[in-house]
Structure formats: C-alpha cells, structure tokens
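In what follows, chain A forms one complex with chain B and a second complex with chain C.
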Partner chain A sequence: MMDAESRFRDPSSLFFQFDTVRRYIIASYWVLIILALPLWWTTTSIERLPLPTSEVYAQAQKRLEIPLAICVDSAFSSQITSLQRSIHDAASYLDVQIHIGQDCSQFPGYAILPGEQILIEDRKLYYPPSADNLASTLASLLAPKMDHRAAQYSPRFRLSFTLLNEDSSAGQVTTSWDIQQAIARHIHPITSALGILHNYTIESQVQYHALLAFEPRSLSNGTVFGLTPEDLTIFINSAEWTLSSSSSNDPVFHFVLFIPSARRRPLIILNSDGTPSSSSAFLIPQWGGIVILNLPPPPPTTLHLDLLDLQSSFSSFSRQLLTLLGFPRLPPSISYSSSHNTSLSSWQIDTLLRQRIHENVIQSHDTLQSTVTLVSQIDGMPVDEQVQSQVQGSLSALHELFTYASVNLTFDEMLAYSAQALTLSSKAFFHPGMLAMLYFPAEHKYAVYTPLFASAMIPLLAAALREIAAWRKERREARAVGDVKEATSGDGPKVDTESVS
Partner chain B sequence: MRLPSLSLFLLFYFLLSSCDASSQHTNNWAVLVCSSRYWFNYRHMANALGMYRTVKRLGIPDSNIILMLADDAACNSRNKFAGSVYANPGRHLDLYGENIEVDYRGYEVTVENFLRLLTGRLSSSVPRSKRLLTDSSSNIFIYLTGHGGNEFLKFQDNEEVSAHDIADAFHQMYEGGRYNEIFFMVDTCQANSMYSKFYSPGILATGSSVVGENSYSHENDYDIGVAVIDSYTHYVLEYMEKVNKTSRLTMADLFTSYDVPKIGSHPGVRSDLFERPLGPGNPNHPMSEYGRGRGWTVEGGGEWMGREIEAGKNGRAFREALITDFFGGVVDVDVNNEDDAELRLFEDSECISSPKAPLSPSTNTYSSPPSSRSSSSLLDTLDTYPFLRPSLAFILLGALFVLVFSGMTSGRS
Partner chain C sequence: MLRTSLFLISLLLSSVFCLENINEEFEEHLSIKSLRDGRVTSSFSFTTLLRDAIPRDPRTLAFDDDISQHYTLFPLSLGQILRQYAITELHLTLNAGKWNYDTWGYPDEPDVGVGAELRAWMAGDSISSIDERWQGVRNALAGLFCASLGSLDEQRTTSPRLSFPPEGALPDWGLPHELRHASHASEHVCTENLTPFLKLLPCKSLSGLATLLNPHRIFDADWHGIGLHVLWRPEGVEVRLNVQLVSDPLRISAQGKQDWSFHSLFDRKVEKACPVASSTRVSVELPNSGVYRVYPEPQEIKDGKAYYNLKNNNEAWNIGTMWPTDFEYRICHAALSPPDPALVPFSVTRNLLGPTQDRGELSIVLTNNQQDTLQLLYLETMPWIVQFYLHTIRVHSDNVPRDDLVSNISYVLPVPHARPATFESVLTLPGRSTLTFSMDVAKAFLRYTEHPPDAQRGWDLPPAIFTPLNQSLNEPMSLGSRVYTPSLLVDLATPDFSMPYNVIIFTCSVMAFIFGSVFNVLTRKFIVVRLDPPRNQSASRAEKRLENTDSDTSNELNTSKSGVH
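Right after this comes the complex of A and B.
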C-alpha cells in the first residue's frame, strides 16, 4: 500500500504504528469498558433488600385478644350471656373471662356489685340489680366508640399554651399569668394519670398583638361582639400567629387563651341560630382548644392573671385535652366516687389503654402490609438496610405482644410493644430512602442511550474488528510460511523485523 | 363462635370505615405547584398565586397550604411593577400583595421535592411548614401548572414528572393513610393525560385540555409585556369568585361552567375513582350533558372518565361533592358546653352504611406486562415494541458503518 517514494516518514516506523503498541492501546479501551461494567451496574441498580413479606401477611391475619377478667356478683347471674355477647359485639379484641360465685369485693380485676345507684369506684361498678340494661352500660364503659375529635396515637405530644392579647395598644394589656400553678393544678393531674400512654412536653408563651383575620359581628349597637359558627372555623389566624415553637415534629395540641381587644368586648360565641352561646370555649378536632376570656374594661392598663382568674379557662382546657387524647367520658347516668382526689378513674384509663393498644396493632398491621405491597408493586422503590431492620423490629415487637398478651404482660408493657411496632412500621413506611425512581418509558431510555453510546462504540468496534482481522491474516500467513519453508513474502513480518532491529 | 365473631368484627370495621370515607374529614390541605421559571412564564406564577388567593379566601389556613413557586416574577428586573404579580391586564388585583408564604421557592421546586412532599418521605430535618401533615381524614386539593406534554409535566426546564410518578405517589399516600379525598387539577398542554394513570380510590381529577391539544394563555398585558394568566385557570378562578365559605355549589356546577369557546381547549373530568356523586342526583342537571353541545367539538362529548358510573352513585347514601369540601378551612368546630360535653361520646354513628366499593383494578398502569402472545417473526416483535423501530434502525446503521469503516481501513494495511 505504502508508496516507497513518499517524502513523508514511513508510518510503519512511527512508534505508535508498532502492532503491539496499537493493540495494547485498543485492548486497554476494552479492558476499561469491561472493568467499568460492574461499577456501572452497581451504581445504577437499586438496592432492594428482601422484606419478610409472608411473615407480614401472616401477622396481619392475627387478631389481638386482650384478657379482661370481670367478677360478676351472683345477683346478676341471669344476665351473664347477654353481658358476654354485648361486650364481644362492641369490642371483639377483648378476651372476656367472667367469674361468678365468689366474693367480688376482693376481686383484683373488674367487679360488678349490687348497689343503690350506678356508681363507679376504682375498678368496681355498683349497679342496682333491678335495672335492666346492664349489658349495654358495661359495653359502653368497656368499649366506647373512639371520638373522631381525638388525635391519632403518638408516643409524644407537645402541649402549647398561649396567652393571646388581641391588641395591647387598645388600652389594656395582660402581661403575665400564673401558668405554672395553673398547669400544676389543672393539667398535671391528667398528664400524670395518662403518663403511661404518652410523653408530654409543655411550653407556654404570651403574645401582645394578635389580630383576627376577620371582623366579628357587632351586636346590640356595638356593645357586644359575636362569633358565628363560620367565624369559629377561621378564627385561628395561622398566617400571623405563631402558636408553637417548631423545635420538634411531635404532634402539638394548641391551647389558646384569647383576650379580645379592649375595643371589642365582650366577644361572645353565637349558636347557629344567632343566639348567644353559654360557652366561651371551643375545640378544633385534633388541633387544640380556644377559650375567650372577656376581662372587665380598663382602667387597669396592665393586668396579671392569677390562678383564680385562670380557673374556669383551665378547666375548659383540661376537658379539651381529655377529648383530644381520646379519653372516654362516663355516661351521664353513672356517678363516680374516688378515694384519690382525681376525676380519672382506673376504669376509664384502662379502657383508653386497651383502645390504644388495639388501635396501634391494627395500624401497624396496615402500615406493614402497605409497605410490603408497595415494594412489590413499584419496581423502582429501593429498600435499604434500615427499612429492612425497621420492618423486622416492628414484626418482632408484634410477635412479643401476641405471644405474651394472654400470659403475663401488663397494660404498660403491651402498650410499649404496640407503640414500638407502630413507630417502627411508620418509620419504615416513611423512610426517606423509600423514594421510587422516576419512571421513564422505554422509548426515552433508547432515545437517551443510543446517540450517546452508539457514537462511542462504533469506532471501538471497528478498530477491534480490524485488528482481529489483521491478526488472523497474520496467523494464516505465518502458518503458510512455516508450511512451505520459503523466503518471506508478506509485508507484515518484514515490517516487524525491521522495527525490532 | 370464633368465625362469626370475626366476620362481625370485619363487617363492623367496614361499616365504620366506609362511613368515615364518605363524610368525615376534619381538615383541608392544598398543594399548589407552579413548575415553570423565567420571566416569560409569568402566567404560570400568576395561575398558582391566583389559586393560592382563592383557597386562602375560602378558608384554608396558610399552615395547610404548600406553595411551590419559582418566585422569580415579582422581583424580576424586567417587572415594571416591582413586587407585584397581576393576573389581569387592568392590573386590578395584586396577587403577590401581603402575606404570601412560599414554602418551596426557586430551585427547591423539583420533582424529587414534590414527590417527597406528597409521600411524606422527608428527612427529619425538614421543618413543619414544608411538610404535608395530612392524615386519613384530610381532603387535599392539588393544583399543577407549567409546561407539559403527553403524560409529563416539565419542572423548571431540566426535569419532568410523569403521570405514572404522580399516580404511584398518590397510591403511596393512599396506602399510608395520608388522605381522605384528593381533588387534582392541572393546567398544562395535554393536561388530561396527567390524571390518566391514577389507580387509587378517592381521587377526583380535572384537566385543561385533551391529549394532543394545547392549553392557551388568556390575555396579555402590554405594560408587563407577557401573558398574565392561562385561559383555563382564569375561568376556573372567575367561577370560584362566586363561591364563598358557606356555599353549597357542587363540583358538577364547577365542571359545567367550563366554556370551550372561551377557554380554547377541551377540559376533562375523571370521577371513576371518586365514590361520591359530583352533584345532586338530578337527571336534569347539566352535568349529565357534560361535554355535549355549547361549543364542544369532541366526538361523543367531552372527556369524562366515569360518566357511565355516575348515575349509580346517587343510589348510595353519600353526600354530593361540594366545592367547599376541598376549598375550605376547618370543617367543624365544637363549642364546649359544659353540660353536654359528656353526651357526645356515646352517640351512635348515624351514617347509613353501604359496602365499600371495590378498588378499581389497576389495569392501565404501566407495570402491567405486555401481551404475552408469542411473537415469531421480527416484524411481530416490532409491532409489540414499537420503540424498537428507531433503535433497530440505529443498530443497522451502526453495523453498516462498522462494516464499511473496518473494510476500508483493513484494506489499507
């Protein structure tokens, strides 16, 4: 091919035209590509660790039965079957064992005793034997329907108390309140009695300028101002009021003591028909409670609210807190007497505990099932080690709970297990790593990869094919040379020997 | 004894849950996304801000509104009216005004953030204001606007979210109990394709234009120098001005207000995943004639997925879907009356129960395998996988190139 008279240098004498060097160069590209393939594979593949799917489904089939022992006095022996049925219908998660024919007054669990009127004392229910609807009363006591205003279970809650002066510039300002004593008197009994359920953080603040986002309706020539039910739904001016610190992501219950501006007093709540309501407090489901405190008009320009001033407001707050926590109320026909100075009976606390345990178990079942269903449904969803261990942790907590619930677990331990299962399962579900890869249609992938890789691969392939062809040709000629044992005739070997010398 | 009790429990559970789904939601949320940036997309920011103003006016508090906005229009150096965004040529109403709380701004408006926001899979350091803290009793209004195409919406000129991704995100929200009902509205070109992939229950969707059709801007302001709002959003917002906090207008009223000659595109509705009726069960309501006459040029009526099952919904005891079910503040407030506080807890549920509708099968999701008929010849394969055609051409071309190139060069040696 090469022209002998060419005045250019003979390319075969250039160092990069040595066959071996050229082949090394070409081979190095291929080695690099082959070495890079595993790297490309691992960096583009999604880590999907296996989840214990069958265990999750098996666990979700199980139903928790919480043991409940009731001693029924012989005076009620005729009603045993209806008792059992009505409790079971109301709450099938209760494993009711009824004891008859012993002295119920010494019984360690629940006891139903004959009494003058319906009365609850600790875990004992006194009931007149002549009254008939014992079964429904008992069912409503042991398994009341969960209030929709209550917040979902969380191991931690933050209670935020705010004293809001609507407009301090209008002539009167409340600068301080005896919040610590008020909390100790009204809130602390609740948080300590229900301390077994949740962990509470309490914060409080005073604000001096918190305007409403609307104008309250003026009644009777501007001497009274009213809030219609529609106004109440937009009462919270969340754009301008900072009602809680954002120090954590725990659910917050807000309690707002709102002091209307001196120009706009008294501010009252209206019923839907426009008549004044007797109450000055209202509750926003799952959010918190608001109490409107109408102070006497100035002269005192600076006020301090002492414990006595806060009494009615804080008893409203404590009632609202109980509602938000889902605490079951006693039916009005039942009176309550207690040896301790508290309004929360063990009977109600136990009921709430059982409800929360049941709720948590159902919720963690659902969440676990959703997690494994989603992972199997959505191919691009990664599952990392943390998610795997959280799912397993949740499962093992449920396993412990189910195995020992009927044997020797206290409510406290059952709740702890159920809460752990719930927390871990929701952590797994909402794990930030569980974000599915974006979906791209196959057309897009081809459209992106083909122009990129085709142009790079074609010269590489061509060079490799060419070298292989040349190499095979060489081998063939070398073999021919060896066979015939004649003088060399090919160009290639000659070039080789020259270049070596 | 055990089996009947279990089934009784399940029955009770279903009754309860279907009762919850129909009537009990306690809070409303809104997610408003403008996925465009740059000055010439002024109108998309105006769209989102117009919606923001409307949901806020109707009572959703700022803490429950997640606004994703590039936010480069109000303070753009080309904006003659600095610090303002207007949605009409007369510049009557400054949408940017006071109290605009943009939660995701500028480069934070990404597909990843949007999907993380919806699914709740955010890192623990993200503040509350950037979280969608919904639960199974929340209704969510989701509004998207930007430049899009068939089954995708572009985010800020460098990435896109596909209809599949949003459908999957909604399903994850459903599985995680993050919503009671969703109202999904999208204003972009070929917008109706964005809701075509949904497969989770409780979603009502509407879009501005059918597949293959553009959505158009509404008006220019010659002082601002760009189009100030999109046509579909303009007419929706105009209709919403008639709605107040206590309005009883239904979703059917909103949908029948669509006026094709004015909007310039054919809006669509999807209600087959939504179990409540869109309007009162009145056969004379114009909703039954949705998409027919009055300028609708689509054969067989405008696009309404779920038209045929709509009549069956009224037989059940569900309340019709009001606009204020999605655009409103706190749904109910309890005034504490000391006397009756005890009573409320033991009230029985008065909602008439009906069996829960089965989940609609996810037949048209992308993950369904292609038809498994055996394709014997290459042509059959090409028919099954049409996308192979261009790539096959590429490969053939490449092979030809390789042959010619290697032949030429090896001939040289």
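Right after this comes the complex of A and C.
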C-alpha cells in the first residue's frame, strides 16, 4: 500500500489538474475566440463607407428656383397677375420678379415693350398692347416644352459628318466636299453661340460603299425610288457603315449626307400615305440626322461637292443639330430681328440654359437617390472612398448651386455646378467597384470555413458544456453536503479518507 | 509666358493630324509569286497617304481636344486613335502559321511572327505618359480589330534597342522617342479580325483588289496574316494595310498541277475597280525556268515580273499562270543534281529542350548558307515564365567551342509577375558553318490564378528575331530583313485545378485534429482509480492503474470496468 502511494501521486494534487486551472484553460479559449471575432469580421467584411443618405433625401426635396427678372412696360400693367401665374404654371423652377414703372428699354434683363408686331430683339420682346394672350406667349417663350428628340445633357458632344456614297462603283463617285467651309458657314454659328452649354469635337469622313440593308421601293416604272416611313427606321445600316467611333465616351451626333447609287436616283422620302414628301431629310432622335442628296445623273464620274451644293443639306443639318441640342423654337407668330448675324436670340439661349440647369438638377437628384437606395438595399455592395467622394462632391455642387442661385450666380456658373453634380452623381452610380462583391456572396465564405470551424468548435463546445454541468453538479452536491453537514455536524471529507486508506 | 503660349498655340495649329485641304491618295497593289514548293504567295497592300500631315505632338495632349479631323480616304476610326494617343509610328500584325524561309524566301512584308505583334514609336517627356498611351493604344486597337491585344500588357512589353528601327522618320520635336514592343504568340487571327480590317479600306471589300479578300480562302491558306502599318515620312503620314497569304494550289486542285488564277486562289475575280484608288496594280513574278503561260497578256514585263494595271478597265480580271505539266518536287533530285541555291543567307531552328518542368535548355542552330561571314542581331523577348542563365551560354561553331562569336550582349532582367526579359546580342557566323547557341533556362512556378484557362496546353513563347547586320566600310551599319523563328511551347508545372476545395477540406481536417488533440490534453482530468482486490488474489497486492476518463467521477463505471479485468 505504501509503495503504491509513492509510485502514483494523486493526480488531483498536480497543479494542472486543478479544476480551476482546467476551467481557466477552457475559458481562455473562449475569450480568445470572442476577442478574435471583431478582427475576423473586419478582415472579411466588405468596405462600405457611409453615404450621406439623409442629406441626399433632404437635397432631393429641394426645388431650384432660378431668378428671372422681367421689366414690363406700364402698357401691360393690367396683365401682370395673369403673367405671373402662367409662367409659374409652365415652369415652377423660375423665380419670376416683375418690375413695373421703370424705363424698360434700358433694363438689363428681359423687357416687354409695346410694339407694332410681336418681335424679339436680343432680350426684348415687342408686343402690341392691344393684342391679348401675352401671358401664354410669354410662357411658351420662357418655358417651352423640352423636345423629346433632344439628347441628354453632356459637357462635350462629338459631331460626326459623313458623306456616304451608296455605291461608288456604279458610275459616279463623290470624292470630296467642302466640308470645312460648310461647317464654318452653317455649324460654327450654332456651336459658338451654344458654346456656353457644350464643347464640340467635329470630325468628318467620306465613305464609298454604304449599301442599304433593304431594297427601296421602285415607283413610276423604276425612274423614282421611295423610302417609306418604315424604311426610315431601318435606314442606318450600322453593321456595314463605320460611323461609330470607339475612341471616346462622349455622345456623338451623326450627320449623314447620303448620295444614292447612280442606278437608284432620285431616292425620295414618302409620306405614310405613299405620296412623295417635300423633304429629303429626316432626324433620328438623339442619334443624328440624315439628308439624302440626289445628284443629277452621270456623266461626271467623279464629283466634288462645293459650298453651293452643300447649302441646302447643311442648313438641314444645322436645323437638326439645334433640335438635337434641345434648342427651343420660336412660336411661328413671333418674328425675330437681330443686330448680330445669327439666328439664335439670347432669349432662346437663356431659356435653353435654364432648362438644362433644371434638367441636370432633377437628374442628379434622381441619380443620387437611386445610388443611396441601391446601396441600402443590397448589403453586399461595396462603397469605396471614390464613390463616397463622388456622392459628396455632387451634393456639395448642388449645395453651392442652391445656396447662391438666388444671389449672385451667372448662368455660366449655375450650369457648371449642375453639370458637375450630374457628372459626379452618374460616375458614382456607374462606379465599377460597386459590383465587385456581388459575385462572391457570404455563403461561399462559410462553405470554405465550415470544415475548419465545425470540427474545431465541437470539442470546444462539448468541453464547455461538460464543465458547466460538472460545476452545477458540484454546487448541488456541495449544497447537499452542506445540508447533511448541518444535520450530522459534517463528515464529508472522512468518507474520502476512508476510501483511500 | 506669352511666348510659350504662342509657341504652344502654334504647335496646336500645326500638329493637327489633318491640315486644310490635305491631299489624300490611295493605292492598292497585289504581288503574286509561285514558290519553290508549288505554293503561291499573294501579298496585298493598301496604302493611304495623308500628304503633308504630321503626327500629333504629345505636348498638345494636355490641351482640350477641340481640333476637327476631316478625312476623305484615311480611315477616321484609326485617325482618332492615332490622334488621341499621339502615335508617331505603329505596326500591328496578326499572323497564323510558320513562315518557311528556307523554301519560301523572304516575305514581302517582313513582320511574319506568329500571333499578334504590336509595336509603336511614341514621343514623350516622361516614361509614365508613354506607358499610359501605350496601354491606351493597345486597348483601342483591341477594340478596333476585335483581337485580344489587351493582353499585351506590361508582362509582355519590351523596348529592344536595335532590332526595330523606325521604318519612317521621327519628327524632331526635341523630345525623345520611345519604342514599345509586345507580342502574343497564342493570338489566332480569324474572320472577326479581318472584317474590321476591311472596313478601314475606302472601298471595303466591294470593289478593287480587296474584292479578292474572301475570308473562306484567306483562312484556308497554309499561312495567312494581316498587318497595319502607320508611319511618317516628310511627305506625309502613310497608312499601309496588308494581307499576305501562302496558298497551296496543289492541295486545291486534284490534278497535281501548280496552276493558279484569281478564281482558284480566292474564288473571286476583280469585277469592279475601286473608283478612288489612284492606282490598282497587280504584279506576277515570273518563274525562272520551265514552260508556263501567264494570262491575260501582261501590259508590261520588267525585272522578271509581269505588271497589270486594273484601274481603267471595266472587265472582270482573272489573272493566272498555267503550266503544261504536273508539278515535280525538286526534293527527289537532291541526290542527283546540285541543290538549289539557298533563298535566304542563313537558316535557323530554335528549340526548348529538357524533359523536366523546372529546368530546360534553349538551343538555337544557325546555318550560314553563304561563303561570307555573317553578323546577326539576335533578339529574345521572353516572358518571365522562362528565365535565362546567361552564365551558361555555350556557343559552338561546327562543334568547336567558340565563345568569341557572341558579342554586344544587352540584357534586361525579367521581373517575376511584372516584366519580360529582353536579350539582345550579336552573333557572328563564319562562312558555310553551323553555329549552335545554347543556354540553360529555368521555368517558373506560377500562381494558381496566373494560369490561362487551357493551362494543360502550355505557354506559347514569342518568336526570336534575327536581323542580319550589313556592315561595310564606308556606310554606317544597316539592318537587313528580319527573320522570325516559330514560336515555342513551354510546359510549366500545372496544378490540378479541382484541388483547392480538397486542399481546404484536407487542411481543415488536419488542423481540427491537431487542435482537438491539444485541447483534449489540456483539459483532460486524470484520476486514480483503485480496483478492489479480487477475492482470489492477495489483498495486499491491490492493482492500481491510471485510468483516464472523460467523465468526472463515475465510480460505478470504473468499478464495472475493473470488474472486467
């Protein structure tokens, strides 16, 4: 008995077999796991910087009011209230201030003066005092409906002019055109007058084989060929004609001067009832314009189109360009006189500017709202610093615009702010980094971790549960022993010694 | 300040890619030649000259791009790219097949390396601006030609010093011009590259010589390639688009005759002339000997070539050559008659030897076919996946070690995962000798994600390029025609791509096992269990054993266990 005692120490007397030490070991594992959880969380979570959501929603509630001062001659004083109401109904974004009782001919802003006929000169409108509906005329001048054919605002447009020979091997080929002079005469006045709105890059090319993807209808025994309105919708053969440019992201307006093959002239546009249309030009909304130029039949095998030949085509192009840029038309009843040699009045340019500013603001509101909604809806969408700064930049541009619009901003600056807000907001919305994590969902992560975590956690959990159970049992027994002790004046340890000895 | 801005404005005005009333000229030319082995090579070239234009000065890139570009014949989409990235000279080739110099001789267009090859000369005051533009032009051309040129990234880009001198002139702007070169041997040219290529031609493939460019026949040819070359000469900017192919009339015709015609080679004829081409010419190289007939009757015969002008003729052209007899392979007579004179001054074979996946040997065998000593500029642009050991270079001439035959070595070290190696040196070939150049190489071990989708196929290594140096006493050194070797295929250690999940599972199991054991040992409770001495044994010899148990103190269990013993 005694040598057995010397050979085997009671294991419970070893320090690492103490219950407390074992419990510390188990507890330290759990403490480590709990401490490591935040680290694991941060290293595996997607970077989602906060976006100024509430500011975006607050900003979207605001409405821009562009100040507009009009001096009205006392001859029209009776119509002031109806004027104000009709303008507000047509465009709520205008903050109209009407000045009466001044000498309006010297007024720096808009002025309505009595005149013989309805006439616009610079920013002055002459109107016969006897005529009525001044209010509706003014509303249509200051806030016309935006043309749906106009392209969206962009700081830069590319104007691409293409001379298309349908089939130059059919006997006649147009090899050159006075494109630079034609642009200088017809397009530059527009681009320089509207230079405040956009920048323009102009390019031109000539193509010699531009086959149509369909056969035009032959009329009057094959002497005339016609294009029905349905044909016009498929006129552009984008697979064969190399019109698009790949080198930049700027929106392009295409202007195509189409010269039908010598075998297929004249090529005319038909109305929907089949009668020939007087026009040889048509417009594809937001894309560009096409003019069909029917040259006299051969003999000359090679042709050069000079300025005179291009006159009518380019005046069509200039009208199409104005439409595509959203330039408001004057109502037909109003005539226009100008001291400068241009067909664009400051009145119309200002109106377009105001419309574009308003449009940009609305659009950047929409884009910002969509961005924050999307980010809040999709948890797996990362938001990096760039997106955050773009959203903030867009917001601050809008903020500047709204704060100073009524104080001291020129149209120029307002447009610049609104364009900046629009560009930044759409950059944020289309930021490629926002899609990165959508294709690596959390489920994949867990699938990779489970083999390790599950097999490691089971012994940990089991040990913890067992220890808790043992601890509870011990307490219960201790209590029971205590009860017994109370009853029998305590004999518990003796049981042990007896069993040992 | 005013002077500099005036200078810059004048730069802006002068460096427009198109000046007022530029004369643009378009010429097309096709040269056809019968080869020694009965094949026929056709080389189309379409040249547009933009007279008096100069490339864009890169210093104007900082300004807003407001200048108009007006072209009549020059392709606009290409002009935009050249202008946007201020490219002075550009060469892009997409080829398929191995050009057989020994039987076909030198090609009309020297760039016949297999796969895609792109090189550009750009001026610039900073390397970063050049690299940025190089990346831009790569991506723009990739979009224009539907080719994977985007993969010609910095891992494939080199700047060899000597092998690619500018073909045209470089404008003197007081800025250094830099070359960027990249090649990708696995890129395969096909119809999707030819279609955008044809759209750059003024007459597309609807009239003129381009009518013959029938994709079915081009891509059926034994060797085919398309190329785009932009260069500047003092008279203007020239854009040359070329298509070369080597077709085999013996394969097409069942009769064993080497007769060819437009119709047999391309399945088309030239029906209509391109109305805007200032010249449309076809030249047919006449065979040196034998009886043959070239039809139709050539308009001009000069220097062994028959010339046709297709410009002012409205009939359908079907030019061809006929032989009265079947084609005879010369190789049968090699033993009897003296061999044919060599078409090229030297021939080359390049191999990658060695059976293992981590080491190998690059071996090059060059044979000088001439009496004279030949000096060759040797260029390797090797991706970092194959790394050279330069100290192991061994040069033998007719099996005699001759280390003096390699000289002027310039070497740019590869950077793993980032930069390829550039090895340029001059090899001297004594007359009528065979030179063997060999060098040990190491093959890289790639990261899991760096393998291409078809990893088991191996990696195509770009061809080596040999350029003869023509050295004479009075003239400065000039370079001869480049010779491309075929590409090599290297087999790198490839993982089993289904492994990662298995590895994860396996590693996790081991980890969990180790963790469990350690944890168990740490938290296990040992107790001494005394067994009651069995009655038939001495009471004093109570057996004591150390029993480890997971449970706390279950005496009953232990006693029952001891009862079993």
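The working rule: the second predicted complex is superposed on the first by the 390 of 501 C-alpha atoms of A that agree within 3 Å, B and C clash if a C-alpha of one lies under 4 Å from a C-alpha of the other, contacts with A are read in each partner's own complex, and residues count from 1 in each chain.
Quick note on the criterion: a contact is a pair of C-beta atoms (placed from the backbone, for glycine too) under 8 Å apart; a residue touches a chain by one contact, two chains touch by 3 or more.
Everything quoted here is computed from the prediction, not taken from an experiment.
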Partner chain in contact with A:Thr275 - chain B first, chain C second, else both or neither: neither
Which superposed partner A:Gln152 touches (first chain B, second chain C, both, neither): first
Partner, of chain C and chain B, that touches more residues belonging to chain A: B
Which of chain B and chain C A:Gln286 touches, first, second, both or neither: first
Touching partner for A:Ala470 - first (chain B), second (chain C), both, neither: both
Touched partner set for A:Asn221, first chain B, second chain C, both or neither: neither
Contacts of A:Gln205 with chain B and chain C, given as first, second, both or neither: second
Contacts on chain A seen with chain B and repeated with chain C across the two complexes: 1, 240, 246, 459, 463, 466, 470
Residue numbers on chain B that touch chain A, as the complex places them: 5-6, 8-9, 12, 24, 26-27, 59, 61-64, 99, 101, 111-112, 115-116, 119-124, 127-129, 131, 135, 137, 161-162, 164-165, 168, 171-172, 175-177, 245-246, 328-338, 341-346, 348-349, 366-367, 385, 387, 390-391, 394-395, 398, 401-402, 405-406, 409-410, 412-413
Touch list for chain C against partner chain A, complex: 20, 64-66, 68-73, 75-77, 80-81, 84, 140, 143-144, 199-200, 202-204, 206-207, 272-276, 504-505, 507-509, 511-513, 515-516, 519-520, 522-523, 525-528, 540, 542, 544, 546, 550, 552
Chain A residues touching chain C - in the complex, by the definition given at the top: 1, 4, 7-8, 10-12, 14, 17, 22, 25-26, 29, 160, 167-169, 173, 175-176, 179-180, 183, 199-209, 211, 240, 242, 245-248, 301-302, 448, 451-452, 455-456, 459-460, 463, 466-467, 470, 473
Residue ranges of chain A touching chain B (in the complex, touch as defined): 1, 63, 88-89, 92, 140, 144-145, 147-149, 152, 229-230, 232-240, 246, 249, 269, 271, 277-279, 281-287, 289, 316, 319-320, 323, 328-332, 366-367, 370, 373-374, 377-379, 429-436, 438-443, 446-447, 450, 454, 457-459, 461-463, 465-466, 469-470, 492
